[in-house]
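Below are two complexes that have subunit A in common, paired first with subunit B and then with subunit C.
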Partner chain A sequence: MNLGVLASRSLVRNRARTVLTALGVAVAVLTFVLLRTVLVSWTASVDAAVQDRIATRHKVTFVMTLPKHYAQDIGKIPGLGPSTYSNWFGAKDPNDENEFFATIAVDPVSFLEVYDEILVTPEDRKRWLENRRGALVGDMLAKKKGWKVGDVITLTGTIYPGDWQFEIAGLYTATRKSVDRSTLWFHWDYLNDALSDSRKDQIGWISTRVRDPSRAADISKAIDTTFDEMEVPTLTMSERAMNSSFLASFSAILTALDVVSMVILGIMTLILGNTIAMGTRERTGEFGIMRAIGFRPRHIAIIVLAEGLIIAALGGGLGLVIAYPFVEQGLGRWLEENMGGFFPFFDIAPETSAMALGLACVLGLFAAILPARRAARLNAIDAIRRIA
Partner chain B sequence: MSTQEATFAASANGKPIVVLKGIHKSYQRGKEPVNVLNGLNLEVPEGSFEALMGPSGSGKSTLLNLIAGLDKPTTGTVSVAGVDLGAMSDAELAKWRSRTIGFIFQAYNLIPVLSAIENVELPLLLTHLSRADRRKRAETALKIVGLADRMHHNPRQLSGGQEQRVAIARSIVNDPQIIVADEPTGDLDRESADEILQLLDRLSKEFKKTIFMVTHDPAAAQHASLVRRLDKGALQ
Partner chain C sequence: MIPISYNVRSLAVRKATTVATALGIGLVVFVLASALMLAHGVQKTMGKSGQPENAIVMRKGSDSEMQSTIEDPLVGIILSASGVAQDASGKPVGTAEVVSVATMDKFGTDGVSNVQFRGVRDDVMSFRPEVSIIEGRMLSPGTDEVIVGKQVRGRFRGLDIGQSVDLRKNRPVRVVGVFAANGSSFESEVWGDLDTIRAGFGRMGNVSSVRVRLESPSKLDGFEAAVEQDKQLGLEVLREDVYYEKQSEGTSVFITAMGMVIAVFFSIGAMIGAMITMYAAVAGRTREIGTLRALGFSRFAILASFLLEASLLAVVGGVVGSLAALAMGAVKFSMMNFTSFSEITFSFTPTPEIVIGSVVFAILMGLLGGLFPAVRAARVSPVQAMRAG
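Then we have the complex of A and B:
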């Protein structure tokens, strides 16, 4: 026997209370893990951004367009590799207008060159490049919608009104988990040809590879300087910065999630502190006896702190045991299939687990500080008198 | 037995292990000081079994706490086993208690989630003994009190008398020089109480422990070799 055993035995004194408290901690840790995983997955595009890719858009906002000839002009700037251009299309499936998936008009050849993490079979690639109406669809979106190669689908345009027909030319997967596999890519020419003269030859943004990623900032500045003297000024930034600026529009939600995850741990700490305090109050006499037979205040404090740590670790461990199958086999797969645009992958990061368990243990100790201090300061005579 | 007889008996039995001189103890109750012990002098000879009787509020438990090093006098000196307790810090007193004093309480005060042997082992956690040695000593203590067959029972599986015997085993497991007992038979029936008192008698005679017992029970006091009476903070 040692002080740790003594602490763990004390927890079985009132089994129902210990179990309920551990469950409370488990639920808090589960919720924390879910919220953190949402944050990690949502911001994964920033972390997973390719280092040698930069994006150029309208200086004011990415909603405003650039002239198409910018895509050719940019190639004249030294230090750049291949580039491609795209337009956000924003179409919806008329059968399910509440459903979201990205639809983007691209130049197929240069797109596959610049975005080499997109994996397409040679047959699908050939079919897509040769078919002006062809669409390259993520395998997850195809699975969800039941689309197969050769199917003709109709989408309703929102930015570009009307019904748009596409033929599924191929499916793509990706070499990296962070790539959204629920996007529909199609020929920019198909879009451009259908537009009125006033909207023709406009592009949303240009993506360019840089030969030396360490010079990405200098090259971005050079691009913007070049276009400052032309009709539309640009803003060029690394893919990571562009993704960050896109996420910034959701910053309030992200901050709220961050705050809520911390508030949940705060509530857990209070519940745990209350349970530990109740337990120590009930054992005032015992602590008095222990002090009488020679236990020092620090021994009593260690026992109470160990109780906080043990119950938090048990609850935290239980929370993780519940979280893994819940996320990895249930919620995570559902989110990837249905909200792949926001959550291209939804897995619990090892750092999140470690953080959840670590914080639970630290807060368990923190919750026990006050009861431990109170128990350690008990006067032996007063404590014994309470049970006499 | 009168105080004079008691003092004589004490001095006749051997050198004193407990020496209290000019003890005053007062508490603050609200704004009023309450005097509990008034100029008390006491010598308890080594190896004796003494009983302290007196009405409620006479200061018995306070005196017991002073001897056990749980409390300090307002004025006066307390010397136990050759050590001046007034000169010791709280930490030193705690360490001293763990080696010198064994405690027996009226309500047994065993830890309900520990088995009998674990309860007995508890004071040994403060020593540097190995786990095996601790277990061995706890087993020996339980054998002495006649509970070798109840080692792994929890307190709630034991009778009141058995619980008190476990508490006695806990009090002797560190081989203390002095055992202080506060109403050790107060919660027991006559038969169990007699068993406990016989055990204390045995600890005194066979194991040469000095036992200082506070009791209300005249029958219990009869087991002691010396009975002292305390009233209004003074020995009669």
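Then we have the complex of A and C:
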């Protein structure tokens, strides 16, 4: 009989406690996985951002626009691929004012060229390009709102006041999971033609592909230097840098989630340590007898450590088994459908599972260290006497 | 009843176990209380920005001041509407302001973040008496001078006294003073002369919002009717404190919900911890329980005694957790407010309700965790218990 078997036998003795402890570990692992997944999927937009796309906007503030001729001027700068321009439209569904989805005015042909991760069927594409008030809608948004191709919808503008009619011309999906599939894109011309002279021919930002992604920073600088000579200075950043600066404004929340995910590990360690300590205390006499019949202190220590490891691994495994259906089927689908802008996809990363299970095992061992030392140091005579 | 000292001593004897379990509960309480304190901090910071006797007028349909546009000629119409208070010289008390955001380099991160700018008239201090210059001086009207709120000062490039920021090409605005505003969200803003800020953000000829002081809060309805009756104007009136409440809603609901969800998950773990401890306590004291029963204590007394012991354990944890959360009061928490897209600094603000509520939550965890073990204790048969072991 080896020491591992001894350890598992002692765990079976107090079944209720072992099961409870494993459950405690499982809940902790589930929570840990959930929190890490929130963090990972929130920051996914940065990691998944296209490397070779840069955006140029007003230097001082995103609220202000650029003159439209900038979209042509930018083409003179060497090293650039295709470019397109857009305006943040900011409309709401009058029937549900609290709901958020992005509405953006784009130049359709160049938009689909620059944003090649947007997938549209040839029929939808044709229909959208031909219909001036046509809108291309993410399939997630269409499903949520119950919109079908051919529907005419009315949205209320916030930045551009008034009622605006759009006809759903097509749906899009995406080549990558990290792309938001709940945006409404429509013709920039449709917006521009309706504006008064003072607001006409203005664009929010220009997106441009660069041929060599490693030169993105240099090219961004070259663009800003060029426009510094003109009426409105610009700020050009890679899509990745822009996303990460957006995330930086939530950095405090991300840090808080990080800390909190560590707190649950602390709670788990306390539960584990408590269980192991109680188990060894109750078996003081047995350890004395084991010592008396020839077990060495390290044998005792190994038994106690093994108990910690086994129970943590059991609980951790159970936690993961619960976490997958819970996070990926239940909560994840809900978040993707309702908060797609924040969480374009919500899946447990393999590293997260490995980390959760690994940490549970390490902390199981860690929690057993003190009880193991105490048990190993017992003097056989004292230990036996204590129960006599 | 079995005296409490019996439970206290029992807990004291098993020091390590008691501490481990109480700490587990304490950590849960810490997380819950911190989240609630932060959510309250958000509400309070935004809430202080609004006064019930003030009304804010914006373009209809605007979620925030930043989106709203009011043409200059309308400002006079709004100020002369009925219900607006007048000062000693008979001038209506009100202020038209322009609000926008600028992207600035944030120290301590490699990124940029948005800071809210407000263009104000020189009489702003009389409209907002809670605002005071704490360093440097007030900006001079009609110049490129700005003053910065104490929460943004030094946190962004160029936002400290003597430094400057380019709003327009080669037209820097200079920081000449730092202001405090009673902990409100204004402290996370930069204020400049109305025309300077309008020029900087291309907003000549219009403002974002008009605020007026009402003769009394009850005059709101009359004022609202006067301003909104002309549909052509397309304006909307809100009480100022209601407006700020709406501004903070998204953020504070988000934090509260997140804190609650996390606390519920965590509390399951802590309850299991308490359950394990209490089961062990019951198992280890079977003979004692048998003796107590033999002495004449009822099953109910045993049940109550063990439930009491579990709640004592939880109270220790709850108090420790709440104290730790109170210590978070020293931490400043800066995050983006969802409606204004600009960063605002919040603090963890405790209230008696939050502290008491957290401790009650801890006791609940203890009671729930201790329930099954206590029932088992109450079921111990005196004869068998004393015969056993």
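We adopt the following convention: the second predicted complex is superposed on the first by the 385 of 388 C-alpha atoms of A that agree within 3 Å, B and C clash if a C-alpha of one lies under 4 Å from a C-alpha of the other, contacts with A are read in each partner's own complex, and residues count from 1 in each chain.
In this text, a residue touches a chain if its C-beta (ideal position, glycine included) is under 8 Å from a C-beta of that chain, and two chains touch if they have at least 3 such contacts.
In this text, all values refer to a predicted model and were calculated from it rather than measured experimentally.
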Partner chain(s) touched by A:M262 [first = subunit B, second = subunit C, both, neither]: neither
Partner chain in contact with A:I289 - subunit B first, subunit C second, else both or neither: first
Touching partner for A:A380 - first (subunit B), second (subunit C), both, neither: first
Contacts of A:A194 with subunit B and subunit C, given as first, second, both or neither: neither
Which superposed partner A:R13 touches (first subunit B, second subunit C, both, neither): first
Contacts of A:V152 with subunit B and subunit C, given as first, second, both or neither: neither
Chain touching more of subunit A, residue-wise (subunit B, subunit C): C
Shared contact residues on subunit A - subunit B and subunit C: none
Sites on subunit A touched by subunit B in the complex: 1-3, 6, 9-10, 12-13, 285-286, 289-296, 299, 380-381, 384, 387-388
Subunit B residues touching subunit A - in the complex, by the definition given at the top: 65, 68, 70-71, 91, 94-95, 97-99, 101, 103, 105-107, 109, 111-114, 118, 121-123, 125-126, 131, 134, 170, 182
Residues of subunit C that touch subunit A when the two form their complex: 16-17, 20-21, 23-24, 27-28, 30-31, 59-63, 66-67, 100-103, 106, 109-114, 166-169, 200-202, 234, 262, 265-266, 268-270, 272-273, 275-277, 279-280, 284, 333-336, 341, 343
Of all residues in subunit A, those that touch subunit C in their complex: 16-17, 20-21, 23-24, 27-28, 30-31, 34-35, 59-64, 90, 92, 156-159, 161, 228, 233, 235, 241, 244-245, 247-253, 256, 260, 263-264, 266-268, 270-271, 273-275, 277-278, 282
